[in-house]
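As written, the chain order gives the labels A, B, C and D, with residue 1 at the start of each chain.
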């Protein structure tokens, strides 16, 4: 079967891309999207690891579900987080007609 | 699996709390707009009941549920009471503010209750996922609370920054979790420590995973360099929420950190002690130095709490398998710190209710207009600065003694030095309130005092007076005779350090 | 009686604290009542301190009035253990005297009088505590407690002064003084923790000075450990003792502080530092002390000369006295540093005598300032003809400070010199010369301020009020008594100094 | 005799009583002081008798091995420095010595003080601070008596300082006069400089001997425990103190200014008693000075000679009557020192006594003149004998006595000094000493003739004779000034002359060196005759002489510019340095060393706050960097 390392590399790449998005984007919405990307990287990592660990002991039944469980939770939480974030971004848009985080700096220093 | 639902009754307080929160939300629908304070009273009553209930049924318990995901022990009980009490204080001191400044007041209390639930579970959880879920529960409530003043740009901005950075950091945290999981295949603290006990065959990826987890928690703690959201969020959030952030979320995060590091990472202490120590050092220096340059009282308190976090982190760095001193030190410090901060914030909130101002220069001459208010704030600030007969001094001394006992004298020295710096900006506030030019003193003597918030028409509300007086007593009590607190705290430390 | 002795020390700490707390609940506007109340409290303290001083059995020596309360259980194991030896007893008496005097002459505090006396009493409690405890935690606790009120006392009730070349705002002085003292205590704190660490390494994690002293005797604390710990105490406490170059908070603090605070501050607070060096530095890390004493005595000599010379060039009465305090604390440091039984005894006696003397001076300066609203000696002249008693007392205080025989200062300085000549001849010679410099600025001050034709501008002046006369007279009598017959004090000092290690 | 300690105690008691009760008592309590000193005087006679009666057998008395005279010693505990009995601690005592020196000094002090205080009743009458005057007088008397009785260096120093402060208070008695204020300050500070040396010397001896008792010190010296070097240094340091008090060159500058005080004060303190304390000190610790064949004494002699010469020259040109007397005092003190330096112990003390009586008389005379004329400038005087005959007579008596006119006491004592100088020092000394003798006779003649003889000026006609309370004491002193000298030589019978009573080591009978005696007699008489011719008859004109030494006159008239030099040092060195330190403290220590770091920390904070930019992505960037740093750090920790 495919070695775990490749999955990990993939998730790492995805995670870093998400990170880059957070840093590079100026639109709040896109930033949130990039965060979702990072979370999905986490999921890949988890599930890969879980399946790998699950088959570690050959011949036995699939034993280690933790990864998948965590992934499911993460997806749920991510969804909630997304909703919350969008709500707040909406407020911002209402109040100042833009979601550009460059302009959101009333408070600094 | 057996025992998953065994002794489920031990979770009654949590279920009840959730129920209470829902109840508040439900009642909110029927309570007329002008009677919303009822909800506050309802929550307070419920919290009081919960305190009594928890003490009654959990005292001396030492059990685990769901196959070790949650622990019901002295440690979690201690923090449970801590958070419930804190909730009472926060609601008490926020009622007037909410009435004046916020819409949809019902959900406010409901959210606070939910967040308390999140904190309680955080203190109980002995497994990474559980910890994460509860942490997010807390965080979500806080995101909303921070943005609660819907029509204030500052509040929105606070919410936005908070949630973006929060989500970002939780992603990092999760990534760390996933790495730990992928290297060890376990997520329970106990198993992690078992695996760490013989670190011969673990891959360095594990350390990175732990590092990322530390980052995620560092965000909750607002430890440098993960602190930058704190001042903005503190400034933008509604005043009571700021207090709640400064006290509650930090305490909860520390509860989690303590349990995680004590029960999970302790065998690898040599790996992370220096890391945490350096983090603590940078945190307290940055926080206190930047606080020197603040003009907004909320921002000042934000940076000061960053500095305080640095000092508390030193205790985490000193955690060791052969002494409960550091753990107790951290918890005692949390008690002293929270009481003191509650005292200060109660004063600040009532001041804000009077004047609607939050710049430090607004406090000029407060001691002549509102002597008691000024005195409480001054006492609180002196206590934060670590002056004796107030809690601040005693808890600092205890914590630093713990550091010394672990040979971390340099860190203790740094911490003491940084609290010297902090004293300077606390003095700036006290100076505004008390020290006035000679000619103004003459006016004050002559009775023709120019200062605005004076006299009965503007005065501290009884609710806040309750908070102030209770916390005041607490501050003096911890400062003068902390032994009773310590007996409880030592029990808690024993719970997370079973070896002792 | 026995059980009263048991609680005497607890009482002398508790009474002023309780007084302060009780005063908080008094009506803010009843200025006189608060004053009377404070007088009663301070009077009780004075009576107790006198009782302790007189009842201390100098024949037996050692620590007496022992009493101990459990405070924190193991592992930190902190007890509120109280006891005094001759040195502490003497200094407690000093504090009793000056606290009472300070409260008495504060009758014309009109701005927030209640808070003033609350803080003043808290300060007194802190000082009593520092002298009475035998546990490092509580020593430090009360030490900080004594420092805490100074900020507000100076900041709120102090006075800003506009000098020709610079402006000295009271908040600046208050902040500087406060931060300086706390900075000093930072070092002390680190030192205390270090000692705890060292003791823990040798198996006794404790803050009890009793135990730590025994550890040091038993050589449980290695010499190099002591050698790096002692400077922490030396400098940390030295700051409060006005040790050069950490003295600058003191003159500015004096200039801005109200009279009573100056009295307590120069009279008692600065002694806390010296006391700390003796009680903590010399006893707990004696070998380190021995290695560092050459430095300390050098700094002390610098204090003496530097303070005296700077005092010469000052034009503000309080600056002159402030610098003279710096100079006189130099004798204390020197005496301590001699590690000679006479020298250390002299240092302790100097603490007492300087306390009384400088308190008297500040009292009188305060009296002058209240009437003339200036302290500029180039403006004040010929006050003697208007304020005869004030001038007379001031002259006596001045003579005492220049070490005139028959007054307390002489015996103390003489003993310090005696000790220093045996141990550090060249520095001792310098110090004797410094003593002569004192005469220069004191006489300059007297000549400019009191002697000479009285100025028309000061026609209206009235002499010191009866209270001031009474307090001042009492101080004068004490100085003469000690100067003529120091034995009653020296009996206590000698026996306790004899017990110090390394002497 | 063991009650000798009471002599000062009377006056010590009187002083505070007068201060406290002065307002209510009649005469502001002056009588208390007089009674006290009178009691002291009476007690002195009793002590004197007891001492003459005492022998080596008497309790507490023995013939000291160090001075060779009968010495009685009484003491009681004072205080312990260091735990009693412990090693390195020392017990201080109230202790008194009664030996010939002390007895002689007691007599002088009590008698002159008594006279002066009675005299002051008239002189100070009506002064606003009459009581204060007497209080300080009493205190002074007490301190001075303690000084001569003290048996240990500490007590001696205590008394030494006390007389100093009394002198300060009395010189500045009329402090409204700026001159008086300054003079008082000057006197105290200048003498203080000497005192520092003295204190150092005392402590040095303590360091060597481990005790403050003089006897222990003498013992240590004679037993060689104190080496030659230390002994000499200690002696010279003590001598510094003596120089200060006795106004020896170069510390003489304060004494002339001290004349700003009331004249009786000058008579008592600055002529008869306090200023001779220096001489007394050297005599008291003579064993230390004379040890190791007296290296220190040579210095004493030289200083004494310089002082004597310099002062007498200045006296010759001064125009203020009191200042003439002051300089003459200085010069005679110099002679005493010279004599001590020449092993003329007896002569020195003898002259000290004789000079004390005569000089007190002269000052009181000057005071009487001032009282009668409110004038001290002798150029404005002349022929006063017509209006104040008694004063004139007594003053002249004193002048002649000090001038060394035979059979008056001054002649005998001065002769003894010359004799000692001649015997022990090299010829240069005796020549200069004789010159001094001539000069002193000369200025005495000048003062006497110019003031009282010649014809009366009309502005002086209002002048009047002084009351009996002033003349009486002068008369008594006059008697002594005239006849005291006779105690000097050995009358037929058992009495062997003062040298048999007051001596160092071996008693010396009275001896008289004819050629020296005649020489000094010629000089003295010649001086007076010359003076008569110059100032009364002006047969002899000084013009030629003046012309020849013209350059020197202003130098002498300006007192060799000592005051100017000192003033320059004070202004240009001391004060400048003090101001420098003051500024240093403010600018360097306070502003740079203290405020500097504080401000830079504050600025650091202001700079550091900039990292919170307010942009959410930069916060995220911070987290990312932090994360990377942390991971890398931890990774490398683990792999290494």
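By definition in this document, contacts are C-beta pairs under 8 Å (C-beta built on N, C-alpha and C of every residue); 3 or more make two chains touch, one makes a residue touch a chain.
As the structure is a computational prediction, the values presented were derived from the model and not from experiment.
More C-beta pairs touch across one of B-C and A-D than the other; that pair is B-C.
If each chain is reduced to the centroid of its CA atoms, chain B and chain C end up 41 Å from each other. The distance from the centre of chain A to the centre of chain D, each centre being the mean of the chain's C-alpha atoms, comes to 98 Å.
The distance from the centre of chain A to the centre of chain C, each centre being the mean of the chain's C-alpha atoms, comes to 65 Å.
Each chain gets one centre point, the mean of its Cα atoms, and the points for chain C and chain D are 37 Å apart.
In chain B, 160-161, 164, 168, 172, 231-232, 293, 424 are the positions where the chain touches two or more neighbouring chains simultaneously.
Annotation for chain A: residues touching 2 or more other chains are 22, 31, 101, 104-109.
Multi-chain contact residues of chain D, defined as those touching 2 or more other chains: 598, 609, 612, 614, 616, 620.
The chain pairs satisfying the stated touch condition come to A-B, A-D, B-C, B-D, C-D. Chain C makes touch with chain B in their complex at residues 28, 70-73, 75-76, 110-112, 115, 137, 140-142, 144-145, 148, 151-152, 155-156, 159-160, 170-171, 174-175, 178-179, 182-183, 186, 189-190, 193-194, 196-197, 200, 205.
By the touch criterion given at the top, residues 129, 132-133, 136, 140, 143-144, 147, 150-151, 153-154, 156-161, 163-164, 167-168, 170-172, 174-175, 177-179, 181-182, 185-187, 231-232, 235-236, 293, 299 of chain B touch chain A in their complex. Residue ranges on chain B touching chain D, taken from their complex, read 160-161, 164-165, 168-169, 172, 204, 207-208, 210-212, 214-215, 218-219, 224-226, 228-229, 231-232, 271-272, 274-275, 279, 286, 289-294, 421, 424. Contact residues of chain D toward chain C in the complex are 77-84, 86, 88-90, 154, 157-159, 161-162, 165, 172, 175-176, 178, 181-182, 184-185, 188-189, 192-193, 195-196, 199-200, 203-204, 206-207, 574-575, 577-579, 581-583, 585-586, 589-590, 593-594, 598. On the chain A side of its complex with chain B, the touching residues are 4, 8, 11, 15, 18, 22, 28, 31-32, 35, 38-39, 41-42, 45-46, 48-50, 52-53, 56, 64, 66-67, 69-70, 73-74, 77, 80-81, 84-85, 88-89, 91-92, 95-96, 101, 104-109.
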